[in-house]
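Given below, in the form of structure tokens, are the structures.
Heads up, the next two complexes both have chain A, just with different partners, chain B and then chain C.
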Partner chain A sequence: MSTVFIALQTNEDTRQIIEAIVQDNPHAVVNEQPAMVKIDAEGKLVVRRESIEELIGRPYDLQELQVHLITMSGNLDQDDDAMTLYWNA
Partner chain B sequence: MQIDLQTIAIKPLRHTFDNIARRIGADKPATRYQEGTLDMQQTANFHYRPTWDPDHDIYDASRSAIKMADWYAFKDPRQFYYGAYTMARAKQQDTAEANFDFVENRGLADNLPADVRDTVLKLLVPLRHVAWGSNMNNAAVCAYGYGTGFSQPHIYQSMDQLGIAQYITRVGLLLGSVEVLDEAKQAWLEDDAWQGLRRFVEDSMVVKDPFELFVVQNVVLDGLMYPLVYETIIDDVLSTRGGTPVAMLTQFMTDWFAETKKWADATVKIAAGESAENKALLTQWIGAWRDRAAAALLPVARIALGERTDELVGEVVQQFNARMAKAGVAL
Partner chain C sequence: MDMQVAKKKLGLKERYAVMTRGLDWKPSYQKMEDIYPYIAYEGIKIHDWDKWEDPFRLTMDAYWKYQSEKERKLYSVLDAYVQSNGHLNVTDARYLNTVKLFVSGISPLEYVAHRGFTHAGRQFPGAGPRVACLMQALDEIRHAQTQVHAISNYNKYYNGMHDFHHAHDRVWFLSVPKSFFDDAITAGPFEFMVAIGFSFEYVLTNLLFVPFVSGAAYNGDMGTMTFGFSAQSDEARHMTLGLEVIKFILQQDPANVPIVQRWIDKWTWRGYRVLTLVAMMMDYMLPKRTMSWKEAWEIYFEQNGGALFKDLARYGIKMPDCTAQIALEKDHLSHQAWSTFYNYAAASNFHTWMPDEDEMAWLSAKYPNSFDKLYRPRYEFWREQAAKGNRFYNKTLPMLCQTCQIPLVFTEPGDPTKICYREVDYKAEKYHFCSDPCKKIFEDEPEKYVQAWLPVHQIYQGNCFPEGTDPTAPGFDPLAAVLKYYNLEHGRDNLDFDVSEDKKNFEAWRGQATKNV
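On to the complex of A and B.
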């Protein structure tokens, strides 16, 4: 298995997004760097809209994530409810 | 000369205030909402009791019959603090302005069927007085309620109602002229259809218990009136009779209710879940005021619904009961 990752800017808006990602992906490793948070996960990483909405208390469009996104790796599968990064085994 | 650029990660020594850290369990970054809400209200060193109410401290939990071990158990699911609230409403204001522009520029108001226009003026415009009542009531809950988690959303609710009154006024001015406002006030004061609701609003203004007032205004009256007037009558019944432009003009009210009812439900749920006494009290308040509100809204709904009134009001009450059951108060 290889690692997928997503890197987001560190700011007021991403804190809860990161919290949601950590909740949904117990195997993920959060790597805090200056002004950037990189989240590594073995094999697969899911960003779920519902978990983010619960934490921020408003409707959320996953495309809003693009504003804070620095980089990512893995195959991307995105729909309205979730954004999944994975490697084809 | 060679310069090496290096990044150094500087970790903050503390992430939030001690009082917030105690509440959220650890010193980790807190949200603006948490920092702007938890423990904001003063709880000690009240040197003198207010001369206008010597039986209570200026902030006093005993003003309400609802008992909470911790009043900060109340959380606003929308996480509104001043910044988030004003930004959310500014966005909605832009949408509302665009809707009004759309209706005005295309002359949609002039093309409304005469009977729809009449119904809207008769039904909607007097509701600005109800909105004003809610503005007063919510400001009172904010003033006398205990704990920022509970009191804070009420001042937003209060301002929202002022905004709703203004939107209603603008709808009236767009569909009619300045006189419609006077006529609506006359109807509010003298027309038989409105006296039950007027009495309800006036009686609510003298409810002393801040939590009961929250229940009367934001749970019961809004919980019945908004689904009935905006969702059932305007968005549904009048739209099928060619009144869609009106639904555009009242979009804010529909959206606003969908948003605020989440907060009202959460608040009821937390209070009812606290103790059996709270639950009994809430059941009694909601039941009694619901019956009054439903009776007061009947003649008002009849203005638009005619003979379908009983059936549709009954449906709205049933939805309301189901909503309350979900929030933990079985009626």
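On to the complex of A and C.
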């Protein structure tokens, strides 16, 4: 299975987002680099709105993630509740 | 009393449908082919433009909201950086040369990308891709502007950046990135999207921006880190769209597959050749290294690109053949590039230097198969010569590749001791190439590439001297005249870092910043 990834800036907004991603994707590997965090996951990675809301204690729009994104890999599917990265093969 | 009843908001998918569909109309008194004159000649067949979908489902209202937030963040950090004399906190002044390379080599491309997406968006008859092109065109001009704003702070203190756009259009090695983008925007709209949207954004920008921005952060350059991150948040969207545009074209008609494959093969190689500059930046120009070029290539191309092409195999797309050659070059690329720039330091808008002992040890460790055997002895010799006062400045103009415009400095695949030369005869003229892939690209479209503006040829033809120069005058110094034409000052903007004003000033200013004078 191929690896998908998402990289976010290291800052106070992403700390809990990364925590939520790790909770929802136990197979994900967190890779801390200068000023950024790259999260690799085999096959599929899901970012869930509800998990982030739970941790930050306020409503969250997944499009806010745009502000902190650095790079990503994989096919993307985004709706109001989740942002999913995946490979078909 | 008025009761405020909260209206149910549209979901993301519905909002995207409402704001990107049905915005166009069927023309009644003009023919479609007159309105969209470039849409058919490339041979790409599109049956249903509505199948185009931006997976982020970004609409203009959300676009403005998040972009303005990014701008506010960027400019407040920039203010703080400037107010605290942040430029004195970079690792050492050699680092600044990456910024010079960036503003003269990359930022002007952002502007051309803006023009390219504006043009492509105008040419597509589907509302979905038109909206996506509009956003990307806005992103690209934003990148050009924010980069110029951020780097203008360095221009107040350091040399070589004062006329970056003038340099971009003239300086010999800057024709490499410039001609890459000129090639893309003069292609048809579909090829442009594959070239920039897919090959450049999806396959290659990770290698440009991630090490560059992470490297800037690691070297204490908050200004560059900030504009880099701000741009990068857009790039993540561009990458995703790049992959989407490929899937869309491939799904529309099986006849599109061989056309797209040829473009992927061509543009992967074209982009890789431009990344030569990034390779040497990572291995030589960042005083504190984040990872080697070879490691970055393995992570971002071999692993990630491998996953991508495995995913695209179901459409009949395969990994470009040129990647076999790239794999052979990864132990050599950055060293051969840095050697070239070390040679031509008299004709460049930034400084070069020889790595110190610690840096040589790092290079040996990262490149165990090549560095000690092939490149260390060369560097030690040059360093010895420089110590004796014979710092070598090559003043002989090199032969350039007709396609990528890089001097013929790369070695034969599999034999790093022999320079690779290829040539083609076309209409009674001889054309030179650095490699088989560049030669093939020329052979596929010779009428395009015979028009290349090759800096060396132009200098020899007398087109790169200031107006009124008399090359027949006694004692005429061609290099001096070319530097004037570049608007670069000899002894200030060029030559070795060791003798540079940048080095002297940075040491003096950093001294002032840490004690009372």
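Note that in this section the second predicted complex is superposed on the first by the 89 of 89 C-alpha atoms of A that agree within 3 Å, B and C clash if a C-alpha of one lies under 4 Å from a C-alpha of the other, contacts with A are read in each partner's own complex, and residues count from 1 in each chain.
As a working rule, a contact is a pair of C-beta atoms (placed from the backbone, for glycine too) under 8 Å apart; a residue touches a chain by one contact, two chains touch by 3 or more.
This is a predicted model, so every value here is computed, not measured.
Colleague: If we overlay the two complexes on their shared chain A, which of chain B and chain C does A:Pro34 touch? Say first, second, both or neither.
Modeller: After superposing on A, A:Pro34 lies in contact with both chain B and chain C.
Colleague: So, A:Arg15: does it touch chain B (first), chain C (second), both, or neither?
Modeller: After superposing on A, A:Arg15 lies in contact with chain B but is clear of chain C.
Colleague: First (chain B), second (chain C), both or neither: which does A:Ile56 touch?
Modeller: first
Colleague: For A:Asp80, using the defined touch cut-off, is the partner it touches chain B, chain C, both, or neither? Pick first, second, both or neither.
Modeller: In the superposition, A:Asp80 touches chain C alone.
Colleague: Please tell me which partner, chain B or chain C, touches more residues of chain A.
Modeller: So, of the two partners, C touches more residues of chain A.
Colleague: Starting from the residues of chain A touching chain B, keep only those that also touch chain C in the other complex, and list them.
Modeller: Shared contact residues on chain A (touching chain B in one complex, chain C in the other): 33-34.
Colleague: Considering the complex alone, what residue numbers of chain A touch chain C?
Modeller: Per the touch definition, chain A meets chain C at residues 2-5, 7, 9, 33-36, 63-64, 66-80, 87-89.
Colleague: Can you check the complex and tell me which residues of chain A touch chain B?
Modeller: Contact set of chain A toward chain B: 12, 15-16, 32-34, 56-58.
Colleague: Write out the stretch or stretches of chain C touching chain A in their complex.
Modeller: Interface residues on the chain C side: 11-13, 55-58, 62, 66, 69-70, 73, 205-206, 209-210, 213-215, 217-218, 225, 229, 232-233, 235-237, 239-240, 243, 247, 290, 303-304, 306-308, 310-311, 313-314.
Colleague: What residues of chain B sit close enough to touch chain A in their complex?
Modeller: 7-10, 29, 31-33, 76-80, 88
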